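Would you mind keeping the following structure in view while I ask a few things?
For reference, chains read A, B, C and D in written order, and residue numbers begin at 1 within each chain.
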């Protein structure tokens, strides 16, 4: 970390700052110029509160040289982490497609969708039991009944299941869940992150809609610092000024993450755009950008037959997306299990 | 809610949509034009999932005429809600200043700061015991010990206390806390919102850094729909592209909220800017914009004496801010308790 | 256009509004409900100032049903526009790669780069003669001398040239330029747009860094409404809160534009990210998303040999990008000229 | 400027970088640490292209210590610049209100509005003759006829006039204009900025809707570097994700600008919000934040009588705003001319 001190500052305050840095166990290198004094902090600076230092009156600017994340940092773990979910691998040369309905609605629905997406090439089944909704008056999911239906679908099809956890209180109920999803709205629910960090299951960590890549990696770090190293990152769009899409899918994040971290990164094109018609082109784009997989919403539920255009695809549309993705994989040196 | 159906759509799908709307208990008014069909939904549309309707293939656009919030809506509660905290009132003609340190650090610190801010005109004491931090390696607050120190400061000075709750699990420990703060990162932690909705205490609900005003009101609605009507909103800056400030304080939000909701609205100029020098001008601007109060960080802790310029003010600087705010209050028809 | 009038409004004002609408030559359909009155505007609403109507006191909301652009609108021109540049076609099944240095610096530089990118598969040569720079103290390009060098490179290699026009005053000098580029900063320089709308040359219109897709299409409309229908749109990233990339490439914009307009759309992965390492993955992602081409910065200038990592690729890196793009094209039903 | 070089870099490239820096006339201070090498650039770094350096492969990060603007920099001009417009002063302890219609529409309109706003306390008259409109089909202003009417209003009332210039071509027609406004969309139309930099008239430079404060000051620098030091900055809202207001007024920008630059700063609350009801609270907030003045839209034109709620105030509403602003001015040590 490099701290630039303003010109003509009270020397006592500068000394106070340097003493405080040394008290944190760091070495201090000072270089005094005509217009400013530069202080280099050497050692493990991840414990230095950069905002606090930046806000000091005597400080002109602060630059972090070392990233604030360690467990998630590729510098310290150069090899790709491979997250194994019942034999299906995320990371490295592997490419996985997770698919399923937005919400679990009935036994018939979840099993029919599971069978359809499995046939098309999906290897994991997703489905919401507890649903985060902006309005308290919107459908909040089937809850524990939804979890039970997911487990039935797993028993029936052999597909591992991915579902969102919204509250630490419910963690005991997630024993048979294969991958615990932390949703975008809870990306900085630090108590929840710590709780799943103590669990022996892969965590699918969605990016918050206004989270920087660094904040997202810091949230992964919360999970990993508690012991659980099996984190899969999921880009799902960020909030911008553009109204045509619900969120703006940030595909540049994928190659950037691939440089910074060893964790696998997948993309959710359904939530990013909110429009089924965009799922196919955004899936192809995600593959081109280097993603390790996709998570796609698929429904077949008759009461929703009216919503042909929702962000969920029908099974036959999902099949088309998988078919169009397959020929791109060799170009990016990836392969699907099936 | 008004739904515009695209030209030349499959009539059966249009009928399906209208039947589905009627099944939700709403009336349907149809007006067929040359280029499009307009469907008006009449009744309580707060239960209609606007995203779902918007995403239908046959739908050109959807406009909500009625806001999706009810308890928080000024249309249904034209009078200002006055939230009473141990005799100190938020809303209407009242103006309150909440002050205190970012984190509770020691008995001496919290009591000294409490006495200083009380003397200057603050009526409530703030202080963090559980601190949400981007990094798992940053100081996370004193936790339960911090709560105890806050209660001592309350006993000593008579000031009601405001502190952040990060996890439902801790709720029992907050019995002597006067106002429970829900932080920006938890604004859409819906389980936590529901939990504090069942508590008989005022809730200080901070705006999420990328929350729209409507999403923020929907989070207030989560609290209120569980029974607790005592919600104080707190604007603390939104995330934009501008790097000079940590967040961009959105003061237009205040007059807009005053039109839309009856709830009191205060401003946190310390967190918005992240810079102590900006606290005074942004406090004055907040008063001008019509805020019902301020929440300001003040410290006096010697180990931090070096951080003169942090977002926290020293007691004498805080006193100056209060002194400069006082003469503005009559202009906006507000008054302080002391 | 649908206007929702608030409950209990002054009837005279509502009549004034309707008369004003009729004066614009539009038909008015009124539907009076219990809570609101809905006014439908039928006819060519592109001349209605939606902001003005939205801001009326009596108006609750306004929804545009018809897009405000006509010439650029796919509804009125369902077939893809094919823009032909000296036999190289943009749009439809065609895929073109434009390449060249950020700035023209010398005869040797521009000719060497031109030859190298031509060999690798680029069909048009780009190069900046007049450079828009944030600082008045930064290099502003070689100006007219730069244009001359570009023309030499064109004569030498037979490649058509693309270069930015910053001022209408310079238009006469662009006679031998094949495609006139309008940069992101000038996307709403309406006088410049009108000027190039009267020119008989293709226009490469870059998206402004904070322009919505609709505003961008309206800028294309400015050009087209003056007569020039040969507009190529170029996505080059939008401004967001994410600091790791200079801008966030909005690849969702491509399939959305493909629905809304018949104009060709290309992507500039060099400027979007500002980092050479990201050009390859973002190029592949652009192809996946359905782009009609790429515009990529390539340099070979010795004084810049130090900037291996700038947003510009070396010729051999550019060759690699083109080689990795080729196998993706059949998947998206596109083909290159060479 | 401080450049941090990555660990284990090719020494030859590091030497190339240092030689290149020295060729720019700067001194180089090198400090080699275990994990990185730090290069300090000493001298006038305003000519160093920070993006280019940042993008080098060998570079970890770059921090600018010295701001890239000189003429606009308060460090080099500690005293407030006072811009004098026919005796009305902007900056220092002065507070000016500019008012007038969005567009000049007729002689009667502009003179009536001018007389009304003058009576209420406005000292300068604004009015649009050339209007930048998103759509080519919207009213583009009366053009030269509008300029003539403005001059008539000036002759009639003695008020200096402020109006927008959209094209350098029109500059000769602005001889009798007192203040030339550069609109938000042209904030980075560098040819236009240079042109008005050679004019002997104050320039009102509006902030671009997605311009950072630094980019805005660099645009002021473009004007000033050509000789014209009389620049008045005007904050008018930035583009964010919040849909309730057209733009988000960034009032934190005012105290930040007051630290960084000596130029006067005014606020346009009419355009920022797009809603007349917000003009009063945002005007008071602007005064609280330390603005040197306001620019407010006022209309009285009968054909627009229907738009009571547009962003323009009626004269009596404008009078109310001025009356409510007056008592705040002494608190912030400002005074109006009349």
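Criterion: contacts are C-beta pairs under 8 Å (C-beta built on N, C-alpha and C of every residue); 3 or more make two chains touch, one makes a residue touch a chain.
Values in this document were obtained by computation on a predicted structure and should not be read as measured data.
Peer 1: What is the minimum number of touch steps required to go from subunit B to subunit C?
Peer 2: Step count on the best path from subunit B to subunit C: 1.
Peer 1: Considering only mean CA positions as chain centres, point out the chain farthest from subunit B.
Peer 2: C
Peer 1: Can you work out the whole-Å distance between the CA centroids of subunit B and subunit D?
Peer 2: Measuring from centre to centre gives 31 Å for this pair.
Peer 1: In angstrom, rounded to a whole number, how far apart do the mean CA points of subunit A and subunit B lie?
Peer 2: 27
Peer 1: Roughly how many whole angstrom separate the Cα centroids of subunit A and subunit D?
Peer 2: 39
Peer 1: Considering subunit D alone, which of its residues make contact with at least two other chains?
Peer 2: Within subunit D, the residues that touch at least two other chains are 210, 239-241, 243.
Peer 1: Any idea which subunit D residues touch subunit C in the complex?
Peer 2: Residue positions touching the partner: 13, 16-17, 20, 46-47, 49, 51-52, 54-59, 68, 132-139, 166-169, 185-186, 188-191, 194, 209-210, 215, 218, 221-222, 225-226, 239, 246, 274-276, 303, 305-311.
Peer 1: Touching subunit D in the complex: which residues of subunit A?
Peer 2: Its residues touching subunit D are 2, 4, 29, 31, 33-36, 38, 40, 42, 60-61, 63-66, 239-241, 243.
Peer 1: So in the complex, which bits of subunit B are touching subunit D?
Peer 2: Per the touch definition, subunit B meets subunit D at residues 210, 212-214, 238, 240-245, 248-256, 259, 272-273, 277-278, 281-290, 324, 327-328, 330-332.
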